[in-house]
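Shared chain: chain A. Partners: chain B in the first complex, chain C in the second.
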Partner chain A sequence: MLNTMPKSWNIESKPHLFCPGCGHGIILKQLGFAIDSLGLQKEITMGVDIGCSLLAWDFLDVPTIQTHHGRTTPLLVGYKLVKPKRIVISYMGDGAAWGIGLQNTIHAAYRNNPVTVIVINNENFAMTGGQASYTTLPGTITPTSPVGKPADLGSGFKGPELIRNVAHKDAFIARTTVTNPIHLLTTLKKAIMTQKENNNFALVEVLSICPTNWKTGAKASLDLASEMEKVYPIGEVK
Partner chain B sequence: MVEKLYMTGNEAAVRGAVDAGAKIMFGYPITPATEILEGWIAKTVTDKSLQYLQSEDEVASGFGVLGAVAGGAKAFSASAGIGHVLMQDPISMAENMRLPFVGIMMQRGGPSTGTVNFSQQEVNLAIHGGNGDSFRIVYSASSVEDMYELVIKAFNAAWKYRFPTFVLGDGYLGKMKSTVEFKKPLKPVEAKPILSESGKPMWLRNCFSSEEELNTLLNNHIVDWEKNKSKIVESETFHTNGARYLIVAHGLVASAAKETVLKMRSERIRIGLFRPITLNPFDGEALRTAARSAKHIFIVESAYGQLGKIAKAELAGHNIKTKISQISKPAEGYTPEEILAEIKKHNK
Partner chain C sequence: MTGTTKIVLAGEGGQGIQTIAKVITEVAAKQNFQVSYIPVFGVEQRGTPSVALIILSHDKIFYPRFEKADYVVALQKRAVASVKSYITEKTKVVFDSSTISIKDLPTSAIHRFGIPATQIATEQFTAKAFNLIVTGKLSQVLGLDEDHIWQKIEKLLGKKFKTAEIKEKSHQAYLFGRKFVFELKRFSRPLFQPSTDKIIIKNDEKLAQIYPERCKGCGLCIVKCPVGALKFSDTLGVFATPVPEIDLEKCIACGNCFRFCPDGAIAVEKNKKKK
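Coming up: the complex of A and B.
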């Protein structure tokens, strides 16, 4: 039988609450498979942020704590200091990691805190209704950019590239995408093992889709996700 | 056994944290609380069971404390003024999730950057600084010895009742040296893991999907708060028996007021002092008892009525017809003589 549901998922919280077609479901599925194949379910503690990420607060069958504004990372930094044997995963959106909580993302990387940060980049503030964010590309129409996001608000925030400049040389920094589940799975596994084996900081940005706020169907969503790769290249950031 | 030492309030705070069983401190340097971070880090050099993180800002410090307590370790931060403002975000989370956050706040002048050494303007902030219903335990220290004892009490209260807990001091108290005698410390309350790793996973959240769900949780907080309030409240009375005049003051101002009381008593004026040790919850019953015989109450503070509002609310509706004078000097301290002069001015 095809293994469709990771063992590390909390079945009681399924079906999940994300919108139909949302990228979070795909990402959390590969995260579940990554944890299963590494055999680390008993060692993991998860932290989730607010925004859509919040809906993952009881998604996995692992101890989980939820907070907001990218503070999930400093929260887990504190937890890891007193629980050094736990593997901690900080799960959040691009608003948390690259906007309101950027300072905390940068400094966890700079200090090389052994935390694995997963940033879901769907190019908008999805939970609040699809407003423009730092990762929204110029020209995109959103409720806060009704005639298209002005170019002078920035051309798309490249978080992993920024983090690379301050992170420890052995920290693992990468970008992957929901359109390539195999690459997604491999990257997530590597990010977890960076913490497990070498006690280093890891950050993975996952390019995701948001059909509800993008107002796109299945094909158009995936096409748009592939377009994103032109601005946000996939692979390890070195 | 009584040990005699010569130390500052900030040093006493560090010693209190160690004796309370704290294992980790998260902090960001800010005057006048910096010496607490420095003093704690010095302890970590010799005691390898202690840890610290000098974080990027007070927000990260506060959330670091919450992560550590979720892991079952006694953790704390120390800050002041604008740092205390930033830390309100994690403290609100502690209030909602009932996490035993402990903060030592050495008040400095405000609002905003203000001044760096003394004030009593962080009372409202400590009690009401979150977007909730102010279920926070707030102690106010009035001497170096007091700072040591209250820090231990704060850890005990936080872990016993699971409400975020503060010890308020100020820069004068933090930086002044005095001879202190520490009694045998209180027995520390045991820390227990909060986000447990054994058994069925725990999912702790801070956000709820319906009004009813959150209201149910908050009603539990209310029950716990109301049930334990009387066990938490503390106050000190000084020459209040049959006092015709009563000073109400907290923190270092209360220490100055004690001198004022002694001076006035030597002039055969029947005056006493009521000093709240906990500002929240507040020992209203003790205040009303002390107020019954008084014909004039003087609320003295280095803020514009922050203590005054609490005290007046506690006195209201109890048929106490005593005249009340509010004496405020925001962000500036008092000598005993100045308090005496203010009282005489208001009592004309």
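Coming up: the complex of A and C.
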């Protein structure tokens, strides 16, 4: 029989809690395929943060920890010290990784802790209603910027480029997008293997879509995500 | 209507629960009622129940919260659980009988009135006008003025009536609600519930599977199909949104719909035995 979902998905929790058309579903699907094809389902522990990403707490059929806001990475660093054979995945949004938890992300990269960080960048604070965040592009209309985000508030926060400056030279840092699921899958696989084989830090930022808060349909959402790639170039950050 | 009336409105975020509450309370206040209205949101999450507590009274209101309601209006199956505690044997429960089965209501609900708002709105007016049907009926039950309510709705929702046609249809939906007479039926099987079976379509070369119970109708698969083999059908998914149907003659089994579906609701495969 035909499978419509990865084997590592928890079928009992479907339909899941994300909005219709949410990018999280696409990313978690490719993460599921990555785990399936590497055969690591029994070795993985996932940590989820506060924000929309916490709705993934029963998404995959793997042990999952839900932590304080921005503290997923250090908690998993500690977990990894106790259980070095486990593969840990820290799954969070841009608010957690580049905002409240930026110090933790930077120091985990600086110490070259063996964790795989997946950052979902959907350009706003989605769970609280789509307010403008540091990753919002200038000119975007949000509830907190009704005439468009002013350009002097910054041109979009480039987290991976920042982390690259402090990270170990063997750390894997990349950016990918939901509009290209094949690239997404290979990048996620590489990020997991970086931790498993070389015990290095890995960080993947995924450009995602948010049809609910962008107030766009299916086509417009994907077009906007492609537009984002001009500011946030995809590929490995070197 | 005399004395104090306590009303609980319950539905899902985005159904217009708070808008209905605003319209009812503001018009009632103009008609010399003492009113109180507090919105109750759950955890800060999309798709969770949204509840409004309303009191209309001729006397002074000392405290806006209450424990037992005179009217409970439930517009969503998942919201029923959050208002269970307000229902007693005297409560009149009004529910959307096209999405909620009578079995979903608690046993303490004896006075049950079904109004198939979603069905009527989709079939006769626009799909989004279903809350206006409920507003119409509720305002008629509470004895609020017909024209005042419509003026208030126009004021609050004016921006959403983008064309004159939508506005006219919405007005008609509202008037329909005013005149609606509760039917006495068994309401055992709602018409707009998602089907739980999977849809299997196959021909000699390909096999396609669609799960309506998981599909949320986002339309990503339709946009991403390179040959235009997918389009919306009449079957309804989990959020009462249309589910795509597939034309296997056009399909080239590229797997794009499968890769992009965030819900794991669709897959197509080439038949390997034939090759």
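FYI, the second predicted complex is superposed on the first by the 234 of 238 C-alpha atoms of A that agree within 3 Å, B and C clash if a C-alpha of one lies under 4 Å from a C-alpha of the other, contacts with A are read in each partner's own complex, and residues count from 1 in each chain.
The rule is simple: a contact is a pair of C-beta atoms (placed from the backbone, for glycine too) under 8 Å apart; a residue touches a chain by one contact, two chains touch by 3 or more.
It should be emphasised that the depicted structure is a prediction, and the values quoted were computed from it without experimental measurement.
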Which superposed partner A:Arg86 touches (first chain B, second chain C, both, neither): first
Which superposed partner A:Trp9 touches (first chain B, second chain C, both, neither): second
Which of chain B and chain C A:Leu222 touches, first, second, both or neither: second
First (chain B), second (chain C), both or neither touched by A:His24: second
Touched partner set for A:Asn124, first chain B, second chain C, both or neither: neither
Partner chain(s) touched by A:Thr176 [first = chain B, second = chain C, both, neither]: neither
Chain B versus chain C as contact partner of A:Ser208, first or second or both or neither: neither
A:Val77 touches, of chain B and chain C: first, second, both or neither? first
Touching both chain B and chain C, residues of chain A: none
Interfacial residue positions of chain A with respect to chain C in the complex: 2-6, 9, 14-26, 29-30, 55, 127-128, 181-182, 211-212, 217-219, 222
Chain A residues touching chain B - in the complex, by the definition given at the top: 10, 42, 45, 50, 54, 57-58, 60-69, 71, 74-83, 86, 103-104, 106-107
Residues of chain B touching chain A in the complex: 23-24, 26, 51, 53, 55-57, 59-61, 63-68, 70-73, 75, 89-90, 93, 195-197, 201-207
Residue ranges of chain C in contact with chain A within the complex: 44-47, 207, 209, 211, 213-214, 216-220, 222-224, 238-239, 241, 258-267, 269
